[in-house]
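Okay, got some structures for you below.
One chain, subunit A, appears in both complexes that follow, with subunit B as partner in the first and subunit C in the second.
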Partner chain A sequence: MNELKQICKDVLTEKKARLIIGYSEDKNKKVKPYIARTPEDAEKFTFNHNAVNNLAVYIPRFKNHFEGKIGIVVKGCDLKAVTALIQENQVKRENLFIIGVNCSGVVRDTDKDFSKDNSQIKCKYCQMKTPGYFDAIAEETIEFELTDDDQAEMMAKIEKMTAEERLDFWNAEFEKCIKCYACRQVCPMCYCEQCIAEKSTPKWIDTSATPRGNFAWNTIRAFHMAGRCIGCHECERACPMDIPLSLLTRKMGMVASAEFGYRPGMSIDEPTLIGSYSTSDKEDFIK
Partner chain B sequence: MEELIISTENFKKIVKELQEKEFRVIGIPEGENKYQEITVEKELSLNSEAAPAGSSFKEYFFPKSEPIFFYKQNNGSVDLFDPIEDKKGIVVIGAKPCDASAMPIISKVFNWDYKDDLFNKRYDSSLIIGMSCHYKDDYCFCVSTKGSPENTKGSDVFLTTLENNYFKVATITPKGEAFVKEYGKHFEKDEKKHNPVERKEAIPEHFNYEKVKTWLDNNFENKFWDTAGEMCLGCAQCAFVCPTCHCFDLVDEQCGSCEGRRAKNWDACQFSLFTKHASGHNPRDNQEKRYRQRISHKFKYYMDKFDDILCTGCGRCARGCPVSLDILQVVEEINAFAEKS
Partner chain C sequence: MEEKFEPKIAAFVCNWCTYTGADLAGTSRLKQEANARLIRVPCTGRIDPVFVIKAFENGADGVLISGCHPGDCHYNAGNFHARRRWTMFKNLLEFVGIDSTRLHFSWVSASEGKKWVSVVDGVIDSVRAKGPFTQFKKLNKEHEIPVQTGEGVSTK
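This part shows the complex of A and B:
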């Protein structure tokens, strides 16, 4: 952690970045997003198993507000969101100062210690413990063992359902939705200045938290994430109603990967799935 | 009136009788973290040591979406229809003081210039049975917002936890008195003199709400606001789980080719759309201003207008915040400024 603090202090002292988005710990030991603007501020930075947030969500917000580079502390999984934002032209690589951290997994329940049973689902099949590229990296790390990917079991179970059973399953989940839009706000890829849920001329989807409105919102968000979701699962973590949203986004990602061999956030030079085409693209999904 | 007690088992019998009389009984079932309609009386749990449920029970009085009227085009004119009224009375059992005390607070805004019939019909025909609280975590601060774990505000009947799954029964309102009389056979005299369950740890007073209000009165432009809410992502988790947040939006929605409904939906001041004018101008054009609004409405504007704090200190907003923005720590900081000045 001292290494991370030192890197951040140096970056701010040498003005390599105007500010750094990282994590700090409050008096209740809750790790939360924090912005340092001076080397003294950087003293508050921390990183541990409780650093769950994907800080890339703040990049679109700050890109227009400040001149100079934005510094950002990223775990391997979060870097995929940064990469995807660069791929989608939301920020330029040269406008970022990326400070990587080696991650040893993050918790699911922040009130309990990190363990095999208390880790985020994404950590269970993580292949990105070290960020793929960076301007600086805090190397210190503790190894952790991957545990069973129990979400894959759930996905297999849902896939075996009939269309009607699946609809019942999702309707029961979506019924809980209160339209707080935490899933949207916490998502680094949900950066639209005007969300489809806010359009009124014409109004595409019901804004009411009714079964009809909830179904429309949650399915349309899942579709907008197809081939774009980088799998940070922040939507599911933020949902106050415990809707298993990452089941949907992960499935869409698997479809994009199986059908087009594309995974978002893997390379800043790769064209996006939606923004490119190939004559060899399969068309058998159009029925 | 002599002191009465009741056991959890007998309370379950009352639940059964209420259900037979077609009341909607709202409580927290064993092992659950949500207020819900109790359909099987055995599910009722009265656990004063449990953490506050994920959301408050306000949705049973002020639903997340409810129709105000339906409309139908009819040869150039429009016919209006009232929604079907739910005539079932609501009985909330085992409400935490931080939830029950919110009801009279939000009732003020629903009965200010316009009397909100939809809310009032439900509230007037309801009975709220509060229960003393033995929970405490880093987010609880009811004592700082005029409340306490034994606060009876908003309850018609109040239960204090005793040993051996018994509760001491206090009637707070005439409605509560009538209830205890009607179901009198299930209550008993405290002949064994059960001891109350003691709190392990008191909830401290974290801030002085009057000092906080005075600071807010004078510091609308303070630079504190530039960073206080800057990490807020602008979702409405905090407002929608809050027992006192009551803002709503009115929308017209289609339900059929020539039919529609006008609905009253939860809305929240942290959404950028909340204050956006038709012209495109937005007086609260960044999250920092919107966060200032949230704090000021709770600890200043509502006190100015209704002489009540728009916060019961339940701490839910902070427990569930995706970026761990803790209202208590923010107000504590304001309190520290107030003490210095």
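This part shows the complex of A and C:
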């Protein structure tokens, strides 16, 4: 990844950005988020199949844009999160220096090598291997073709169930939830300063990990992602209890696309789905 | 003797249209079933989907959401925003297992007392046919924390 290192070094030397959010590798070959502030720091940057994190989650934390632009290393899927943040006025395009990388898929289990069976679900139906726009791009890439979308089969299976079976299925999944809120912390679109889960007057969602609190939290979180989730599946990756959260968010994405022809994070000029309306929206479910 | 099941319906209605429409149904002496508890909100745009979840948590067997017809909103666009939100929310709830027999939507204007009666009766019939929402109430039961009383522990 010499090209990426060189680009980052140049950006920091020429002060095109005050810092760059990227990936670095430690001794144990674990790839972690890493923030470089000097050209020397940029030496540590890397990018490979283990670079699973969506770094856009760090963008809303840097608010002092008068100090200079924020550089960020993005994969195609992560760029959608950046776009969605721009759409929702969390950051301005001119305050970002986007360094794209051509992604050739990321792993599911970081202890094993990347393969057809060991790849993130999102990679199996990826449409964005190259970022759509960028200020600089590192062109190194390996071709990959992964098409076994087993999640779509799972989705079809759930949709065929009766409502009672679905509720039982999801309650069994939500039962595992320990309310650690890792799904929220890792999500680039969850940037509220006060989350609804922390509102206490009234307390809308039970804070303890009870069946009813878990149902409320997980459905409301999925709803807050409706028409906003860009499908990086970080929530599912971060979940210590392996709840299939991406099924919920992907379903919401499918509804947004089927009902409104809207795909989040595709264009910085497009109004958001929930933040806008059309007088000709469908209403066949309303009596 | 076994009691006949009477569903509890939480109805979130907008102040300007449906609430007034329901009022008209009352003043016109139209007969309707009494299972719906009306919750008046300023506008359908005020209804956060978390209200619906909360209603089910607190024992509702069905939920009705009703407001002004599109174009009639007192705040011009509240119901247009709400309509999009409901489309997403309805699909989400269906996916997690609360289908359209328990969650209903309607437009009822201030002059549609008759329509309100037919909507409410329709919702009540649909929920009554479906039966009590025991699946959701079970979640609450597991939630009950034993309360310390004078003699040992009870679960009231």
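Definition applied: the second predicted complex is superposed on the first by the 281 of 287 C-alpha atoms of A that agree within 3 Å, B and C clash if a C-alpha of one lies under 4 Å from a C-alpha of the other, contacts with A are read in each partner's own complex, and residues count from 1 in each chain.
Basically, contacts are C-beta pairs under 8 Å (C-beta built on N, C-alpha and C of every residue); 3 or more make two chains touch, one makes a residue touch a chain.
Quick caveat: nothing in here was measured; it's all calculated off a predicted structure.
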Touching partner for A:Met266 - first (subunit B), second (subunit C), both, neither: neither
First (subunit B), second (subunit C), both or neither touched by A:Asp206: both
First (subunit B), second (subunit C), both or neither touched by A:Thr219: second
Contacts of A:Trp170 with subunit B and subunit C, given as first, second, both or neither: second
Comparison of subunit B and subunit C by subunit A residues contacted: C
Which of subunit B and subunit C A:Ala152 touches, first, second, both or neither: neither
Residues of subunit A at both interfaces, subunit B in one complex, subunit C in the other: 206, 210, 213
Residues of subunit A defined as touching subunit C within the complex: 158-159, 163-171, 196, 204-206, 210-213, 215-216, 219-220, 222-223, 226-227, 248, 251-252, 255-256, 259-260, 273-274, 277-279, 281-283, 285-287
Residues on subunit A engaged by subunit B in the complex (per definition of touch): 26-28, 30-35, 53, 57-58, 61, 110, 178-182, 184-186, 198, 203, 206-210, 213, 234, 237-238, 240-241
Contact footprint of subunit A on subunit B as seen in their complex: 54-55, 64-65, 138, 227, 230-231, 233-237, 239-241, 249, 251, 253, 263, 265-266, 268, 271, 273, 287, 320, 322-326, 329
Subunit A-facing residues of subunit C, complex: 49-50, 53-54, 57, 70-71, 77, 80-81, 83-101, 104-107, 119, 122, 135-136, 138-140, 142-143
